[in-house]
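So the structure is just underneath, and the comments pick up after that.
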Amino acid sequence: MMHVGFFCLFVLSAVDVASSEKVCSFQDVLNHLNLTKNNELFYMTRPVKDHRLATDVSLDILLYAILDVRETDQTFIPYVWLVVSWQSQYISWNPKDFCGIEKVSIPQEVLWKPDLTIEEMIEKDRAPLSPHLTISSNGEVNLQNDLVMVSTCRMHVYKFPFDTQSCSLSFRSIIHPLTEIHLFHNSSSKEATKESKEFMRTQYEWLFNDIKIYTETTHSFGYDQDVIIFTINMKRRSILYIVNFLLPVLFFLCLDLASFLISDNGGEKLSFKVTVLLAVTVLQLILNDILPASSNRIPLIALYCIGVFSLMMLSLLETIVVMYLMRKDSEPQEDKAEKDRCLKEDKRGQVNFHNCEEAQQQPDG
Amino acid sequence: MMHVGFFCLFVLSAVDVASSEKVCSFQDVLNHLNLTKNNELFYMTRPVKDHRLATDVSLDILLYAILDVRETDQTFIPYVWLVVSWQSQYISWNPKDFCGIEKVSIPQEVLWKPDLTIEEMIEKDRAPLSPHLTISSNGEVNLQNDLVMVSTCRMHVYKFPFDTQSCSLSFRSIIHPLTEIHLFHNSSSKEATKESKEFMRTQYEWLFNDIKIYTETTHSFGYDQDVIIFTINMKRRSILYIVNFLLPVLFFLCLDLASFLISDNGGEKLSFKVTVLLAVTVLQLILNDILPASSNRIPLIALYCIGVFSLMMLSLLETIVVMYLMRKDSEPQEDKAEKDRCLKEDKRGQVNFHNCEEAQQQPDG
Amino acid sequence: MMHVGFFCLFVLSAVDVASSEKVCSFQDVLNHLNLTKNNELFYMTRPVKDHRLATDVSLDILLYAILDVRETDQTFIPYVWLVVSWQSQYISWNPKDFCGIEKVSIPQEVLWKPDLTIEEMIEKDRAPLSPHLTISSNGEVNLQNDLVMVSTCRMHVYKFPFDTQSCSLSFRSIIHPLTEIHLFHNSSSKEATKESKEFMRTQYEWLFNDIKIYTETTHSFGYDQDVIIFTINMKRRSILYIVNFLLPVLFFLCLDLASFLISDNGGEKLSFKVTVLLAVTVLQLILNDILPASSNRIPLIALYCIGVFSLMMLSLLETIVVMYLMRKDSEPQEDKAEKDRCLKEDKRGQVNFHNCEEAQQQPDG
Amino acid sequence: MMHVGFFCLFVLSAVDVASSEKVCSFQDVLNHLNLTKNNELFYMTRPVKDHRLATDVSLDILLYAILDVRETDQTFIPYVWLVVSWQSQYISWNPKDFCGIEKVSIPQEVLWKPDLTIEEMIEKDRAPLSPHLTISSNGEVNLQNDLVMVSTCRMHVYKFPFDTQSCSLSFRSIIHPLTEIHLFHNSSSKEATKESKEFMRTQYEWLFNDIKIYTETTHSFGYDQDVIIFTINMKRRSILYIVNFLLPVLFFLCLDLASFLISDNGGEKLSFKVTVLLAVTVLQLILNDILPASSNRIPLIALYCIGVFSLMMLSLLETIVVMYLMRKDSEPQEDKAEKDRCLKEDKRGQVNFHNCEEAQQQPDG
Amino acid sequence: MMHVGFFCLFVLSAVDVASSEKVCSFQDVLNHLNLTKNNELFYMTRPVKDHRLATDVSLDILLYAILDVRETDQTFIPYVWLVVSWQSQYISWNPKDFCGIEKVSIPQEVLWKPDLTIEEMIEKDRAPLSPHLTISSNGEVNLQNDLVMVSTCRMHVYKFPFDTQSCSLSFRSIIHPLTEIHLFHNSSSKEATKESKEFMRTQYEWLFNDIKIYTETTHSFGYDQDVIIFTINMKRRSILYIVNFLLPVLFFLCLDLASFLISDNGGEKLSFKVTVLLAVTVLQLILNDILPASSNRIPLIALYCIGVFSLMMLSLLETIVVMYLMRKDSEPQEDKAEKDRCLKEDKRGQVNFHNCEEAQQQPDG
């Protein structure tokens, strides 16, 4: 009783004001719709009066930032602004009856929402959830939300660090077939690309190229479904990799080539070459941290490294062999020369090399 | 009163439309079932009218992606699509009474769900939960969900990096015995493998082989339970490990072997060999980061490393000893040769070596 | 019935106390306002009685701590104290009727709150949420909260480690246009800077400069919106980077320059220079961990490093070439000198060099 | 009205079936108990009718897996299956009245649960919570749950890597004294050990030894409390540490010892020894990542390392000093010998050493 | 109807038992207080009947463990047991009416709690929340909870690793001024220190010294507030840093000093010194990982390192210069000596040095 009484009182006070001019609050619209936290009509089922009607869900995204691209984990983390809107047949009012109110924003948990999933998403959205959504007098429901999507993406690192990556975000309903939820997008690929470029904040180490949007129909689990796929293309900024990785390796290769000019006689050539090889080994270790082991083909950069490594290896082996052969080659000559000299020395009565004694014993013996 | 009034109004407006043709909304079905957020009949207990009946729960999975396999943590992270369905005896309607509605999707929190646990799962599901489930006119409840399962898995790294891993996902009820919940799977191992291969997105560094499904009955905590075990077999892509780890170690072994050709006289042989040994030590440190310490048997790759290391060690020690012996061997000869030469020099009146003075003092003294 | 009865009892006991002096509890105010957990009037819609009125939201921040600035992730983590206040037209009481109560603190979940978003924020607030907010008799609602904001920020590392960073926090409503929510700030840039400096606890490795506050109007998604942008300027403390990175690299460059004094004859010059080069390579690896790859321009510090590296490289190559040329230059002379000497030796009857034999064969042949 | 009508209908249909045989659903039991989501009798207070009665809580654990043991963090992460059961005096029915139903499983949030805490646990349970618990006709409530417990544990690393660790899990009520909650365990230490060994899945790098269970009574915050302590003993698998750490260090020590055989004359001995010392330094760095700095006593392995390091250090210093002394020792002799020789040479008319000029100036001057 | 009937039945059965002796359950107290989940009297506002009365909140902590102290992040993570108690004027009963019940434990979410914040806390409490609190017949509410507090703390690393850190935990209300919530602590600094020492479990690498407690009144946001500050003092266990960092650096310095004994002639001195310098550089890199860059003063240990580094640098440069000067010094002498010798040789008819030819050409030309 008292509850009802209060309500009357409230209505009266509203009327009090309305004497001069009609004034409407948003709550009046909700009261008209009987839209409350607990009204299950709006929450429990797909909001169509005739179950044969499909719910059209429009879906648009705006790429805000590329937060991270992890090659080893094959993970792509974009920061995306998502706009979803659909029709609720239970929501409808005449704006004229409510002083022209055309839109009302209400807490998002009181309404049914399409059960969209992003197939590639492997973690819950990290960004805070938008608390409100907007309903319009014609029944349109509009939800805006920002998503930090930790998504899986098959990376193609064959041309690393000069690679271009394409990561997809595939939106589809989890359990509703095509006949119940129909997905479509408003903005074209071109518009989405243009807008994203305008709003883009940070791009990590990537240059955002474009977004491609297309719609597919998949058949899985026994029914057809609409899938909207947003494919984000981006190009790696390779300048720091060139400066910090490719150039040093190339420099060390040059050093190794230059080492052919070092004299074969002293031990310095060998120690020089092996130190340079060690430096390349250290640089190669960094590569392991960057590249994923998932590609069928060995990335060009790994081939580059192992190629440089092998070249140095071979030149090192060659140096060792050449030094060995030179030593072997000169030893018999030395032996012969020494024997000759020793013979001469005997004649001249002078000893210059201590191994003449042994050298003499052989021709004498 | 007003509430009821509104309801009448609503029904009337519905009737208004129904004059031409009968139109049904999904809410009508829920109203018929009296299925509301707060109806505890659907939520509190296992949905059987006769408590002696078991609830048959069918369970199928589709492997979407292998997100990570961490050897040191013994953790396996698959991304799995899970389809669970069971029978609720409190749900039943005649589709004919509702214009042919056969399925209704409703929020998942309003219904009882089987308390399935995955024994290996050591973290909460990271993926967002599916908000809806589907009920059918015959009482079947169907739940679809994607799970990022951080699960523990005993890794066998004996043959690393040429190893094949088998990781299991064991589904069972937490508290219901066999007589209450009966688990079974619809699709065979072959079908699950085929479908998973079709839908597979990323595979990390692994080649997915197949899924094996089998059902067990375990006895624990005093009662029998059904367990469905999905065993995922996969093979490691070892190419990058070969290129980045095995080859360099082998190369350094070759270098060490080649060093036998270096002359023993100069100091360069020793410094060359010890530098190569240092390079192998650096490479061996990486191994520590990859391999878990849990295996009873030492992995082959560790044996390979420590073997190469020991070989180099021994060859280094051998070089030192040989150099020592050669030095020891030549010293007495040199002493003798020198003394002889000094004697001759005295006769010939010439001094070539400064240590003749000392050498002479000994035979004289 | 019983429920109502109890309520009467309670009111009576309250009256009992009030006989001596009127005493008011905060609950009395809530009862007057009918503000309960479930009263949707306060929670569902924007609290204006006339929908044409905009809600003025004032917003002030106080920078408490700079928790982290990650250059590679382009992430900035400030710890901020946020004060938001707005007007609720449904809240109003006469303090005189309630013994002078002017403010009441209530749980924050019972009231509508503006849907503010921080555009740069990429993770949910990590700090615990403030459980209460304050309502005043004139309808003002005041919310205080501390936020740990993991926000994205485009870093300018060109002058690293002598750089100054500006990171923005842009507050705006998610779905309300300018006509519905009007944002403004009370304190000026100067006041906010002064207060923040006073309360600042930890600053990581940064020196906080100032906060700049300005308001913008953006047009996106078809409507105008107020945006308040707080720009935090801070300067890096570069002392440890100088001591631990710049100085060692400079030292190694000095060493490399000093190595020109080392004699070209022995092998020590080469091995010295290559070791110094290796040390610089190791130091350069650290740089990779610090710098993000996102800048268009190569940072000065990377140029410094690669410059030092290249200088050392060139001086090393030059040394090799010079040594080679000196060797080449002296060889023919030696050959000639030796031939001459050998001829003389023949006359004098003495052999000092073993290659006279070969040298002689050429003039003789 | 309609609501009640529906209910009657339902009862009637149930009666309809019951004509042949009485059939009971679990909901019937709950209806009998008046156990609903909102019945605060079951939820708000400790379920005893006489407040003087203590609630007996039995507690048993089964160790499922040892997920991680982090020495530096002093953290131990077991995966444990927990079975808790207690008596609720508000729950009681005659199974005969309900067709023999003896147990009903219900959602866990509707009942009061003992406020058990694990004193060592420093993070919320990571595993998903069990959604159901079981009530029996005699009032027993049974809760099963799997816990991933990130717990703090004082590690004893003195004997690392041959150490045995004991980590405790101490269960007690947070606010209830001994007179209100009495804790006990059913299974003995031996049984728990046996069962855990049977179910153990992964053990990280540890060999599980046994679980010891004992009950203590502590006095804190002014009242007595029962504490059940489960102590898990485990032994480290040290094989990989031996192979990857101890052996290499030992090998390098051998190398250092072997270096005494290298000739003191050339520079190779010094560079060999310093390179080996560098290799040990690199290995020692790994130790820093493994060992916590919390022990009062220096771990044996650190002593081993620093011992080997010091030995090498000393042998290196000794080598330098010996080389210095040998050089000093030979220099005066050489000087004398040279002077003598120069004198002789003058007589014999021959010059072999360029420093005779200077040497002569001294005796002449 | 049925509902009421059931209630009567229950009351009757209770009366049945009470015939022999009066028996009270805790629920009886709650019924008396009308304390239910939904009674907003207990939940919505500060529990005072007269709004002018302040709520006295007592606050005591017990330090359980020091879980982590991260110097680079300036983060301190203690594990603390918190006891908070305050007065609720709506809670009061006569224990005699309820068979002597003096305390009742109830779920913590049904009561108003003071909005305490810890100013330094930068992450939500990681430990599980205590589910219950205790109310007493005199209206006292007692809450116990364990908190894992990730808090920011300004570290003073000037004397690292011989430093003592003081980290504060400042408790204050978020929105209540001094006139509404009055904070105080029961136990003195001495008691808290003693108790904490008794219960301390793990201390990471720190030795806990003491807790200092003091109360401050701050003025911020326009009103006064009580702040209780707990300052935890602790001393670092520096033994492992000495063994693993300071000693090796010192050893390398000794080695560098000892290198003055090495002969300047061979190349080994230079390569020895540069290798030792490289080893110190590697050790210095570890320092970067430990020390935060936030201090105004360079830490002593960094000065120690850069000092040792500079000393070695200078001694290396000095060696190079000395070698250069010695070489320059001896060259002209050699030239002169050689010319002299060549002249003599011509007279004596003997050639010992090949460069006499060139040497002769100059005096002759």
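By letter and in written order, the chains are A, B, C, D and E; residue numbering begins at 1 in each of them.
Methods note: a residue touches a chain if its C-beta (ideal position, glycine included) is under 8 Å from a C-beta of that chain, and two chains touch if they have at least 3 such contacts.
Here the structure is a predicted model, which is why all the values come from computation and not from measurement.
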*Would you pick out the chains that touch chain A and also touch chain E?*
C
*Going only through chains that touch each other, what is the minimum step count from chain B to chain E?*
2
*Euclidean distance of C-alpha centroids - chain A vs chain C, Å*: 21
_Centroid of chain B to centroid of chain C, CA atoms only: how many Å?_
34
_Residues within chain C bordering two or more other chains_ = 266-268, 271, 275, 278, 282, 350, 352
*asked:* Testing understanding: with touching defined as stated, what is the shape of the graph linking the protein chains, line, ring, star, complete or other?
replied: ring
*From chain C, moving on to its ring neighbour chain E, which chains come in turn until the ring closes?*
C, E, D, B, A
_Of all residues in chain E, those that touch chain C in their complex_ = 34, 38, 40-41, 43-46, 48-52, 73-74, 113, 115, 117, 119-125, 152-154, 174-176, 180, 220-221, 266-268, 270-271, 274-275, 277-278, 281-282, 284-285, 287-288, 291-296, 298, 302, 306, 309-310, 313, 316-317, 320-321, 323-324, 327, 349-352, 354-355, 357-358
*Which chain B residues qualify as touching chain A in the complex?*
6, 14, 17, 23-27, 29-30, 35-37, 64-65, 67-68, 79, 83, 98-99, 101, 104-107, 110, 126-128, 130-134, 142, 144-146, 148, 199, 201-206, 237, 239-241, 243-244, 247-248, 251, 254-255, 258-259, 261-263, 266-268, 271-272, 275-276, 278-279, 282-283, 286, 334, 337-338, 340-341, 344-345, 348, 350, 352
